[in-house]
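Please see the structure below; I have some questions.
Order as written gives the chain letters A, B, C, D, E and F; numbering starts at 1 within each chain.
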């Protein structure tokens, strides 16, 4: 178990990993690395690594088929080696909840009405966890959907805002999440000004709560711009080596 | 855990809770308290509280559909807070067996032939357990079926007969069940002279075994009369407050 | 737990149970002992006892139906009382793997193309385990399929070859399996010169590995001859008493 | 949750009528009278490595009982008693009605009725199974394994249970220098201590007839069934109405008398079997 | 894995249109204004044998909360704190939408939102629940049982949780001569220590309208929903967007204001209920 | 229970014929000869927080191996050895053939073949993993995670396992004043002790041809497959016939020779990869 740091913000205003409050961790993005999937993406925020794969649209099983739209199946899952202690691969209550909120964050974005009676699978796997996994998962899903050519209303991304030593900070890592005062994951599509997921664990004043959205929207705007760059360059250089293999 | 009492019957012939051997606990009945269910009832024998809800008849799933009758689905379940130690909500072997014998006690009573290819759901939930839960469940099911307007051949009810300190006693509570010599739950429709469930845990002589049926039949006749009163008054005073909210 | 013997081969070249390296345990076979099954067999190699039952061919469930052949369903299962420590009846990973390799050993032998859209069930139950259970299971399956009149390309059988104290030995028992250097179960149809299952747990040189196949083929030829005798005599004397009831 | 069975074969009304016509003449299809169980065969010690075992055939219904005894902990509420675990498996080998999978309501009911009949009447001397009160006790695992199903699993299972118990040998303990207690031999010569013998009598109600030991066809056409468990003094030590129908009080009283008499037949056959096995004590 | 719901009733577009037409006039179908929750009834101590209990009706949505307190072990990472376990069951009694079976994503989400709102803001004084640091602690089991579902399970569940907690009595311990600690009485007179009160406010977004405490029809036609949990100082101590749609930032800010105001209504009703029960402290 | 697969794509007979025609000329569709595995890429230490990790590509088959080391208890029958746990997940990311859910027979077979090949030949020095005999030992969790499936999961998984093991660093312990032993650092500089290197060689039998490292198409059209595991001395340390068909003895002998030679190719590639990673010892 990680120890609780004495201070989360030092005299020079820097966080436990040297970042400023509004500074994201180094972000890496890569698309198309899985051959079989219709679309895929690997996204890293610092040490948090999440891979997403899209299969479909394919014909739905009759019992779940919807006449006017595609069904989304979303699985958020943590690889057994992704966590501090080895994780049993059986889905936990946490993974079941996060699969639900991630699915609900995709529902207003994916043009499901184009593909009635089909299922689109979004499988996200946390390969390494260092805080913010569900928001990295959202970013990976956005890229993977785009890579799969599934029509979406806009690219989207996620980031977790936290509060440590009384200060709102962006893109919290695992220590800040575990011992901080609040953890607020947010997913949004900034081009449409739409928030599609938020949760709060911890305590914030009403003002802080609203400020957290502003901080997140700002960060996500940058993240979505990176997504656009990544997709643009992936059309130029096909098949570049993945970051997992650096 | 409850302690074993030194004596089950005192000098004046009274049981641990002051009742005479042939005396029922205070019984409360209430119907129609659940808005969504087609029928519902809350029944209390002393501290034992059981709620029953009926859904259906509704079209059966194809794989279980019966061409000449309705299927009954019966679930006997104990709420996690109903027992001495908090109960895991996963069905136990005991709950699976009791669901079966309760279903089999309903099969000869419900006019299932009126509703081929449909399913009638009978969900009973033990809210608080103090002995005799399956027989209270039967009484609640009888009222809830009547409340739902499902045609039944007759009202029915249940009571557990026990043997403590060599004496047969009616409507045993948890201590008498746990430490007594025998526990014999019986469900019957006295207007038709039909017994639809019996089980025995413990030792009885042949004569005692037969006497237990007589005691039960007598008690159940009274219980079914209370059911009739309850149903009659519920048609007059709709929407009265439930006992759970006294 | 059994203790590890000091030596596996004594001065006179005999194994822990007195057998020579190339000597099988006493083998008993019996067919047709289960009335309901379409075919059945009980096979014992020493203390290892396995019973097999065949049901089918019967129409497949639609979701698993194959248009050009019968499906095989094979269950290798150990009875709770079959093992040193009482075994939980829930299938273990080991039982799931052995069900698969046994099914795959039957696929090239059973004339599945005769029965499209049907399922043939092969249920094998280990009643007592003393080494070599999966190979005894194969022999029992061969007899049971023949007893059921399911067309097969040839009778088959199994035996486990082991290595103890540097010597290859045939039909290893539980102690030789547990503490020996290698355990190599093999299933074959010698009349067709076909090997349909092999696995190796332990270390063998390339030459020993090949020699193990020769030893097994030789042993299985004898076992299949016993199967033929058993089937022949079962057509003459119907309904003889089973060995389980000796 | 329990649902009305949907895989049971539908009985043509005519078949039921034919059975009842035969009953009217006092016969059953297998030429038995109403009150006699089918031919019973009991073979014990069929499994060399178990602590006890028995293979019972009641007509074509075949049950294999295996008993394993292990070291464990007593339950907190009975610190000076051993632990009993009864499990029944309606194996897919036994019938095309049985599917592989976790125990269903029928196998759970079967094992729980057997369990209750052994536990509360103290058929096994549970106090003899304590090693270290509150801490170490013997755990008796009774596994009932159906090999062929032709009706009346209860009576066959109870016979298998009792005969296996009568041939059960306890493990042998040893105390290590550390004071730790370990099993030295899985099976010794010491029998398990049994307080009393019990038998189960299943009757089926078909129309106005009560018949003992129904076979599968009779089970399927029956209105309902009663399982009554008796000890040798004629006490009832377990009971279960099983099946979908109902009884009048008169039918119940009739069932009790018939079952009580039939229990003597079962006891006689059980005793003969145990004597044949030269295992009387 | 989560899949787009396929059992939810399809809402005829016309129904939704009718609702919105009514909203345009400032009304809801049940004659409430946009910002007022439905009638609330809170009855505590409805279960004599539990440590705490409460039956809450929010309109026709009915939740029974039962609290059991048991001896257990603290988590290794919080050795000086008690343990909280929150579980919700969307019982099949409550709605034809709910099937028997293990908890689905909706009941898991519900219990986890309640759990987080109690845990991190330290609504319960977890340090008061330690008996022997690192070794023995009280385990608080909060079970939420839905009896009737007419929308907005979150707010009803939170009211049930808080009112049940306020009437929860700790068990009483005794120390045996052996030094072992045991429960003497399941329920004593000593209350559980609560640090603060919280309420949940669920709003639905339907078209351009944000309404408080949606009933089932409103939930079904809603674009999406927000759950905000407040303490008495007006802090937000839990939040969850739930449902398939999205919010603009303007809508979120609007939702915060509306919810914040509505939290005062809930607090008032909670306080009245607790006073009625004469359980203020 | 195992059932004949029903989700596998049907191979048009013509496709198989075309493959065999090519084999007759000595070629494969991807221009390999019969005995050469596909291009192999091995990258280790791809997960900073695991004790060991490796990403292996064998053609387009991609396996990520992650190794976590935890404190645990030795098995009672091997009190002076550490514990090995191998689990494989055929993740739905890797192929449209794989569904989310508990491990199926294919992933169980895969992990058990890898497990046996490591365990009995003592590839890992299990005695070096004991901390306190009978009481405290290291538990080695090897998790194999399929990211893309294009045939031959066995060989890719074994390469991933071996290369991850070679880069695995043990945790560091500390003893508290209480005498209790705890993990101080999850990962130290101390490597895990490996006794020998092994590789798996999978061959497919297609008609009369035996080919090394089948890709997915070749797996699907194959009659059956053989997995042989070799150590560097050329011993066979694991074997598994997998797939529905059969072998003649001649084909088996042929398979052994071909696989034995191919094992040298795998060893060479494994060594190069480990050297590239500058992790020889």
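To be clear about the criterion, contacts are C-beta pairs under 8 Å (C-beta built on N, C-alpha and C of every residue); 3 or more make two chains touch, one makes a residue touch a chain.
Just so it is clear, the structure is predicted and the values come from calculations on it, not from any experiment.
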{"item": "Joint neighbours of subunit F and subunit E, given as chain labels", "value": "A"}
{"item": "Mutual neighbours - chains that touch subunit B and subunit D alike", "value": "none"}
{"item": "Required minimum of steps from subunit D to subunit E, each step between chains that touch", "value": "2"}
{"item": "Which listed pair, C-D, A-F or A-E, duplicates the contacts of B-D in over half of its pairs", "value": "A-E"}
{"item": "Whole-Å separation of chain centres (CA-atom averages), subunit B against subunit E", "value": "31"}
{"item": "Chain centre separation (subunit C, subunit E; CA means) in Å", "value": "58"}
{"item": "Overlap residues in subunit D, where contacts from two or more other chains coincide", "value": "1, 100, 103"}
{"item": "Multi-partner residues of subunit B (at least 2 other chains)", "value": "75"}
{"item": "Graph class of chain-chain contacts, one of line, ring, star, complete, other", "value": "ring"}
{"item": "Going round from subunit A, first to subunit E: chain order", "value": "A, E, B, D, C, F"}
{"item": "Parts of subunit A lying in touch with subunit E, wherever the complex brings them together", "value": "1, 63-66, 69-75, 91, 93-94, 96-97, 99-104, 107-109, 112, 119, 182, 184, 189, 192-206, 209-210, 213, 217"}
{"item": "Residue ranges of subunit D in contact with subunit B within the complex", "value": "1-4, 6, 76-77, 103, 105-106, 108-109, 111-112, 116, 120-121, 224, 231, 234-249, 252-253, 256, 260"}
{"item": "Subunit F - residues contacting subunit A, complex", "value": "41, 43, 46-50, 53, 55, 60, 62, 64, 66-68, 70, 87, 89, 91-96, 100, 102-103, 141, 143, 145, 147-150, 186"}
{"item": "Subunit E partner contacts - residues on subunit B that touch it in the complex", "value": "34-37, 40, 47, 49, 51, 53, 55, 58, 75, 77, 79-82, 84-86, 89-90, 121, 123, 125, 127-130, 244-246"}
